[in-house]
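Each of the next two complexes has chain A plus one more chain, namely chain B in the first and chain C in the second.
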Partner chain A sequence: MASISLKYKSKQGSLTAPGDVDPGAMIPIATVTVGSGGASSIEFSSIPQSYEHLQIRGLGRSTIADTNDFAIIKFNSDSGANYTYHYLRGDGTSASAQGSGYGTSDYLRSAGFISGANATAQVFGTTIIDILDYTNTNKLKTIRTLTGKDANSNNADGRVYLFSMLWGSTSAITTITLTTQANWAQYSSFALYGVKRAGA
Partner chain B sequence: MPLPSTLTPIATNTLSSATASVTFSNLPQGYTDLVVVINGSTTVDENYLLRFNSDTGSNYSDTRITGNGTSAASERASNATYIRFTAGTHTNTGVFIVNIQNYSNSTTYKTILSRHNIAASNVGAYVGLWRNTNAITTITIFTSSTTITSGSTFTIYGVKAA
Partner chain C sequence: MAYTYSKIATYTVGSGGVSSINFLNIPQNYTDLLIKFSGRGSGTSGVMRMQFNITTAGYSNRNLYGTGSAAGSESATGTSSFFSAVNSGNINWNSTTASTFSNMEIYIPNYTSSNYKSISTDAVVENNATLGYQFMNDGVLNINAPITQIDLITSGSETFVQYSTAHLYGIKAEL
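Up next, the complex of A and B:
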């Protein structure tokens, strides 16, 4: 039986100085918070290729003249019909599911359920996106998303979603772009984290 | 030079006896998000519930989706005095992970995203809202009338953005 000791695998090899501490397995890479003028997109570029997975955590609101909107994610600026998705949705009344073959990310809109301009001002949608094995050039890229917005209302303005999305490319992900169907509103904020592989 | 820590354990509470509630107070405000990880059960089948800053007003709401192996369902609670973040048969041990996003900002209402897995019962996902812009300094987890089982574990982590 093959075995491996995991005792020191979470430690960095270079931790020698007395003041050094184990930084853990999740490292903050960058944060974008939208200012008073809004923003057409939120972009993380030149993403380090030294992690195993990525996670995006954030809250968002768009300027669309509606109560709800969806966040859109693109990888490496690919606007082609190279994305597929499935989701499970709860709207407070019923559960439903949907899926799609390859389409554009603009059409699929599967990176977050967020507020539009007509929602109560302080209500933002939140989302947690896991991007697995993002540097692997042998696999198509899979992401999963937990997202939702609750509005203390009895209509479909409150929803929770579980998304799975595929980007049909084996390219390593170096750029992530988040948009809405309009612009990002002030105070929208998204943070990118890297999740280290063992021994890294 | 070490990289900055992101997922930092703040406190852990392993119950040595059945307890009505678990409270994390004086939460540090230096993180971006909080994550509460629970492995536990209740002595009688009831949901785990959540309040912030000891606010007992009708300022909470939640929307959930659950699946019990046969069917999926969705429910909502509005103008509630707590956020529900579990469902199912809670006398069976489950895993509950609660993400509390941007808990320290003073601009937005506070939203949680949660997942629960009770292998013997069901799975679910939740979004919950606290209609208050105050920074969250205290989190109380409780059940409506019963107790949380001895041995249940509660750990809260801070997630710090760049």
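Up next, the complex of A and C:
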């Protein structure tokens, strides 16, 4: 049976979906979309160890009785005081920064600025989380997150953040858990991607 | 669906370190380039600079940064490399938490065009302390030639330490 490579085909080409399609370097691994009733956590477990980097792209809203909330991330179910955080923040009026060394659960908030239940209806916070070299056991894990939301107003409930976080472990990341200070609201959705290295 | 995000090259620093990481003979068949860089320097400066096509003039740079306790913005023009406006901390340095490496993404759109070259980066430097850096940079290089070489360079006699990694990707748009 003849096959045709899509590798160099334009969209005008013959897209016959052969078995030798090169999917490129960024591969979707899993997506979680919260249904009616919400969810207490979003978890990616048994993460394949065959990629070089991970990226999570998502949008979120929580059920907390407030305007704003933060997505909380943890790795390999580690809830200990092994996470730092730092951020650069803009709220439409001014820029600010804050950070801390290793702390407990309050410091696990580097995964997204999201809406609470009192935020403008249907507004979700967006977030992109980059985790480099997640299987490298010679490195602690540094996470970079670009996140924000707007409130269709000029108040400080609209913000953008560049977060960073250090997970003080050299373990390969196999599980990622995302929570809020309450529950995830319906339609919150997060997708996990693997990014390959050259030669992989 | 055409594939749009392709791996071009990977460099992992071995024992002994290196003073620069060089991507040579970059393919000209993509729309944009993207580099994911996880780096740490051997010395006290924590500065990684970039040069394109071995060009040593004509860079300008503007940034927004956070230090863990304050936010600010800097700019510079007429510099010899990209990142010259940032004089500390765009990669981990030797007194930051051991085994900690920066997390940086460098985006170079339309790198084969005959216009000046724009560059943007997001970078973070983590540390078990109040001090930690976040950067959003944008810059331009006043050259018209397509980018065929990218050099990531440390400061002075410092090196990128073992396990630093740089990954070059090509992004192709549907045209």
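Going forward, the second predicted complex is superposed on the first by the 177 of 200 C-alpha atoms of A that agree within 3 Å, B and C clash if a C-alpha of one lies under 4 Å from a C-alpha of the other, contacts with A are read in each partner's own complex, and residues count from 1 in each chain.
What we mean here is this: a residue touches a chain if its C-beta (ideal position, glycine included) is under 8 Å from a C-beta of that chain, and two chains touch if they have at least 3 such contacts.
Being a predicted model, the structure only gives us computed values, none of them experimental.
Trainee: Both complexes share chain A, so when I overlay them there, do chain B and chain C fit or clash?
Mentor: Aligned through their shared chain, the two binders clash on chain A.
Trainee: So, A:25: does it touch chain B (first), chain C (second), both, or neither?
Mentor: After superposing on A, A:25 lies in contact with both chain B and chain C.
Trainee: Is A:36 touching the first partner chain B, the second partner chain C, both, or neither of them?
Mentor: Touch partners of A:36: none, neither chain B nor chain C.
Trainee: Identify the partner contact of A:166: answer first if only chain B is touched, second if only chain C is, both if each is, neither if none is.
Mentor: Once the two structures are laid over each other on A, A:166 reaches chain C alone.
Trainee: On the A-aligned overlay, A:191 touches which partner chain: chain B = first, chain C = second, or both, or neither?
Mentor: After superposing on A, A:191 lies in contact with chain B but is clear of chain C.
Trainee: With both complexes overlaid on chain A, does A:46 touch chain B (first), chain C (second), both or neither?
Mentor: Touch status of A:46: no partner.
Trainee: Regarding the shared-chain residue A:148, is it in contact with chain B (first), chain C (second), both, or neither?
Mentor: Only chain B is touched by A:148; chain C is not.
Trainee: If the shared chain A is used to align the two complexes, which stretch of chain C, 6-14, 24-32, 42-50 or 60-68, clashes with chain B?
Mentor: 60-68
Trainee: Show which residues of chain A both chain B and chain C reach, each in its own complex.
Mentor: 21-26, 88-90, 94-95, 97, 146, 162
Trainee: Help me check something: in the complex, which residues belonging to chain B touch chain A?
Mentor: Within the complex, chain B contacts chain A at residues 2-8, 32-33, 61-67, 72-76, 78-79, 99, 101-102, 105, 107-109, 111-113, 115, 125-129, 131, 133, 159-162.
Trainee: Of all residues in chain C, which touch chain A in the complex?
Mentor: Touching chain A: residues 2-10, 36, 38, 64-73, 97, 99-105, 122-134, 136, 162-163, 165, 167-169, 174 of chain C.
Trainee: Quick one: in the complex, what on chain A touches chain C?
Mentor: Touch residues, chain A against chain C: 6-7, 9-11, 21-26, 52-53, 84, 86-90, 94-102, 130-133, 136, 138-140, 142-144, 146, 162-166, 168, 170, 195-200.
Trainee: Write out the stretch or stretches of chain A touching chain B in their complex.
Mentor: Touch residues, chain A against chain B: 12, 15, 20-31, 57-59, 88-95, 97, 120, 122-128, 146-154, 158-162, 187, 189, 191-193.
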